[in-house]
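Presented sequentially are two complexes of chain A, the first with chain B as partner and the second with chain C.
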Partner chain A sequence: MSSSKILSVLTASALAIPTLSSAADMPTQNSLSYVSSFYTDDAISGSQSIDGKEHDRYDIKVNQFHVMAPISEDETISFDYIHDAMSGASPWSVAPVGTTNKVIMSGASIKDTRQDTRINYTKYERFRTSGITFSNSRENDYNSYSLGGDLQLSLSDKNTVIGAGASISWDTIKPTQGIYANLLDGITKENKNTYSIYGSVTQVIDKKTLVQFGASTSFHTGYLSDAYKMNDKRPDYRFMTTTNIKLVYFFDQVDASAHLEYRYYKDSWAVRSDTIGLTMYKNLQGDYQIVPSIRYYSQDAAKFYNTNTTQASTAQYYSDDYRLTKYGAIGTGLKVIKRLSDITVYGSFERYNTNNDFALGANSKNNPGLVSYTRMSIGIEYKF
Partner chain B sequence: MKRLITLLIILLLPACTSVKPWEKGILSKAEMSLDPLPMESALSSHIYFSKEASSGGLSAAGGGCGCN
Partner chain C sequence: MTNTDKNLHIIPFKAMGGPCNVHLYLADDQLHLSDELINEVRRIESKYSRFNENSVLSQINKNSSKGIVVDDETAGLLNYANDLYTLSDGLFDISSGILSEAWNFKSNNLPTKKSINEALKLVGWGKVSFDGNELKMPANMRLDLGGIGKEYAADCVANLARSFRIQHGLVDLGGDLSVIGPHPDGTPWRVGISNPRNPQEAIAFTNLHSGGLASSGDYERYMIINNKRYCHILNPKTGYPENSISGISIIANQCMIAGSIATIAMLKGKDLAIKWLDEQGITYVMVDKHLKISAQKA
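This part shows the complex of A and B:
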């Protein structure tokens, strides 16, 4: 190969190769994506429910649409729409029967829909990317507006990206009456505000290794109880922090990349959690990828979690919500991806199992309302 | 755990080498993106948010939902 040809190949490669972060480079094509998902919660068995009968929980169908288009040589606009349709039943409470706790389920089947709309504007400059996002999530009994902004700065030959962002959301709940009227204690309309910030540093370690560090803080204030639980009165503020690390490494020998990530979470309700995930993207012949993944999650109970209703009645705050107990969860997944030049299609499967005994450390909590589920998705992305 | 993350930062950052744009062939692969399937990960995050007491991470929190 002549020196001029080598030079032209290297130049073309340098121009074609993006940097380390997907958000730092201006997309040059329109993209259109659609994902359809279905997930179903495991039923509450007769041995777990207070009436001795098996109770179905939620089945949820999700449709996601995404459109992104460049509107100038350095600006894009994207639009996302999500539609959830859910039906089923939900735990109202737990109550002790002998030495074990049993679940009290909502009697009738619940049907609801959620529509989430999101619009983003992003401007790309040589060493800086900035964006603003407005979103609305709407359900029969819940409405949320959110506004957020983010900024990314590229440094050191784009081997370092510093990111930061902030958002605020205004939520309103108007509980459905009907079968819940006796639970609501006169509540007809409540508000909740959320303020959050985050920061991150993404660094190229070498030709096949990336690492990302991040931290975030959120402050929630307003009505934070669950209106549809029998025994639930929570503080009207919650301060949350997270610390993250993610490592991405490419294995030449097996033509696969590994994504290893860890998150530490802590909040003012004394909930602490550890989450660790490992995902492998293994390239196969014919532009296929197979993607196994595993995720482990463990949380401590909130300081006011209590299934003893006698004690709870004299406490300032109390809740027997299964989501606030001490427990652990193991999620396993498998995806198959087919990548062509303009089209990416994939199918995915996930199984999520929860158990009080999966939590880190000794656990005396027992909530039979813990939920496990199975999810399936298919998706397609078209660039043009 | 914060100490462990701090230790990892201290150990990893000095290991950085200056990678030139034409040396980023592997880093440009789709599977080396920090989020190769963003719609899939957005859905997963939303489901975890609805079923776990923890939430948050490397993005601003965005809007809420009645699921939690």
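This part shows the complex of A and C:
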């Protein structure tokens, strides 16, 4: 099918008439949703820990509320509240024992809660949707405020959507001095600021195909080390860039769509990663939808990643944080959604396995602290 | 309020020279909204009627030889008509209404060549100057939104209904349809395509989930002379109708666009219209003068 010039010109022209131009894409109903999730890290086995004992890691219970309401013909306000209750332990350091690295755990169980509140205002206009979001995230030892704005412009035929956004956040860290206080960095209060921008272009190719390109950069400055790790001193800035491409294709014979995405990430610490993911949305009889997904992730280590404490002590920057090592991961998930007239319910299961050997290319870095996890969620949404 | 609490209400009324209906799934406390929707049809009808001396259209026709500044809604419609004129190479022309005065379909007599030529002198959107705000046209020229007005009204009503948070419904203004939204269970509206030789009877059915459907045909106003049918859709270049298509229905994302395309297709004639509609990927059902059906699903 050739592109229809007449339809796109006439559509643009028709929608420019004031009476036909009201925000058709705007949500017209109030919505209320609740999601409960349970997230659990796999334990550190006796063979991975320095004391030869098995150690539990984090368990997190997440309660998430969302409410969205149109406040006029072309404006909505939404409010989110997330409450995380976490307990467990995390790796404090890595030390070589003979030829292998072993994890030293933080010992006593850490208990913390995180409360995240977020308020968003969005205005829907003929070819433009713009929003502003303010959020606050609060833990015992952490407080973050952020402010962001975003804009989406539909080109006249609505087959092309350009998106852009920017945000800034101000974080304060006040480490709680636990039993290892004397070994910790000794900091009492530090700040971190983050500045981010992104842009995207979404193009409808035809009725079945959509492609999206996106790019973002963010700049972190301030205290970027992990106050709860023994060997951790990082640069006070980090410049991160991400580019991604996503292809969505609808298979009408089987009433399913496939979302294939590739993401490339690189930062000034020399961490770079590739992510490729495939998610299928398959509609079934009785208003069920199943969403299986698979994702592969591979990361290179930060340039100052080092598990050798003797070398580390003389270096300007060093960290043995498992998140900065070279590793790979495979994530799989399944979500089942059931739509009733005004209510949507779903359950989801996700398993994420990490391994140094999953990384692309030969890997000499080995960190026994890598975390694999399982996450389960149930959610309900009511529109009225 | 759940969708199951909403019942389908079909409200008939007369407007724009024919029978109209709005099909709405409404909760009890929304029943009054149907009046506002019908009022919207009346508003557009009185604003753009040729027969109402005080209508905006009549004011334009009376005063625009000196230049007249039009309101935003009218400017939007004129701008749309301007795009339509350009895209159709002059086949769709809102100044061509005067031709139907040369043709008197009740007389059963063909107009004389001379009367058609006289009328053609007053036809031609190209002679009109419109800068998006001010309109100026030669004296005695007249505009007529006959080709798009009813379809535009259907879209306006559907849009207004959505702004009232009515999500499921269909607007039918004399057979020109604009969907507010599908049935509450998500199923599309099933609509009939008129048989041009018996417009009350359906010759085909189609499903309409969103957007609009508009039809044009040789059965609305016509006369048959020497076994040849002359209908009211007149070519603004020749002053005569085409007679190879009996009826055509177009599905598009707006009823107004569907109606415009249906008129252009009628004027192009069967073979050129099929080629053009296929090239543009437009969904249509066409019935030719031998009642043979052609269709394309985009």
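Heads up, the rule we're going with is that the second predicted complex is superposed on the first by the 358 of 384 C-alpha atoms of A that agree within 3 Å, B and C clash if a C-alpha of one lies under 4 Å from a C-alpha of the other, contacts with A are read in each partner's own complex, and residues count from 1 in each chain.
The working rule: a residue touches a chain if its C-beta (ideal position, glycine included) is under 8 Å from a C-beta of that chain, and two chains touch if they have at least 3 such contacts.
This one's a predicted model, so the numbers in the text were calculated from it and none came from an experiment.
Of the two partner chains placed around the shared chain by superposition, chain B is the only one that A:Ser196 touches, whereas chain C remains out of contact.
Contacts of A:Tyr346 after superposition: chain B is touched, whereas chain C is not reached.
Among chain B and chain C, the chain that touches a larger number of residues in chain A is B. In the overlay built on the shared chain, the residue A:Gln29 is in contact with chain C alone; chain B does not reach it. Of the two partner chains placed by the overlay, only chain C lies in contact with A:Phe384; chain B stays clear of it. By the document's definition of touching, of the two partners only chain B reaches A:Thr275; chain C does not. In the superposition on chain A, A:Ser106 makes contact with neither chain B nor chain C. When the two structures are aligned on the shared chain, A:Arg114 is found in touch with chain B, with no touch to chain C.
Residue contacts after overlaying the shared chain place A:Asp141 against chain B, while chain C stays out of touching range.
With the contact threshold set out at the top, residues 10, 13-14, 16-20, 22, 207 of chain A are in contact with chain B in one structure and with chain C in the other.
Residues of chain B that touch chain A in their complex: 1-2, 5, 8-9, 12-13, 15-40, 42-44, 47-48, 51-68. Of all the residues in chain A, the ones that touch chain C in their complex are 1-7, 9-11, 13-14, 16-20, 22, 24, 28-29, 73, 207, 341-342, 384.
Across the complex, chain A is touched by residues 1-4, 72-73, 76-77, 79-80, 83-84, 87, 152, 155-156, 159-160, 162-163, 165, 167, 184, 252-254, 256-257, 260-261, 279-282, 298 of chain C. By the touch criterion given at the top, residues 10, 13-14, 16-22, 33, 35, 37, 39, 62, 64, 66, 112, 114, 116, 133, 135-137, 139, 141-142, 144-146, 148-150, 156-159, 163, 165-167, 169, 171, 173, 192, 194, 196-198, 200, 202-208, 210-214, 216, 218, 240-246, 248, 250, 256-257, 262-265, 267, 269, 271, 273-275, 281, 283, 289, 297, 299, 302, 323-324, 329, 335, 337, 339, 344, 346, 348, 350, 352, 354, 371, 373, 375, 377, 379 of chain A touch chain B in their complex.
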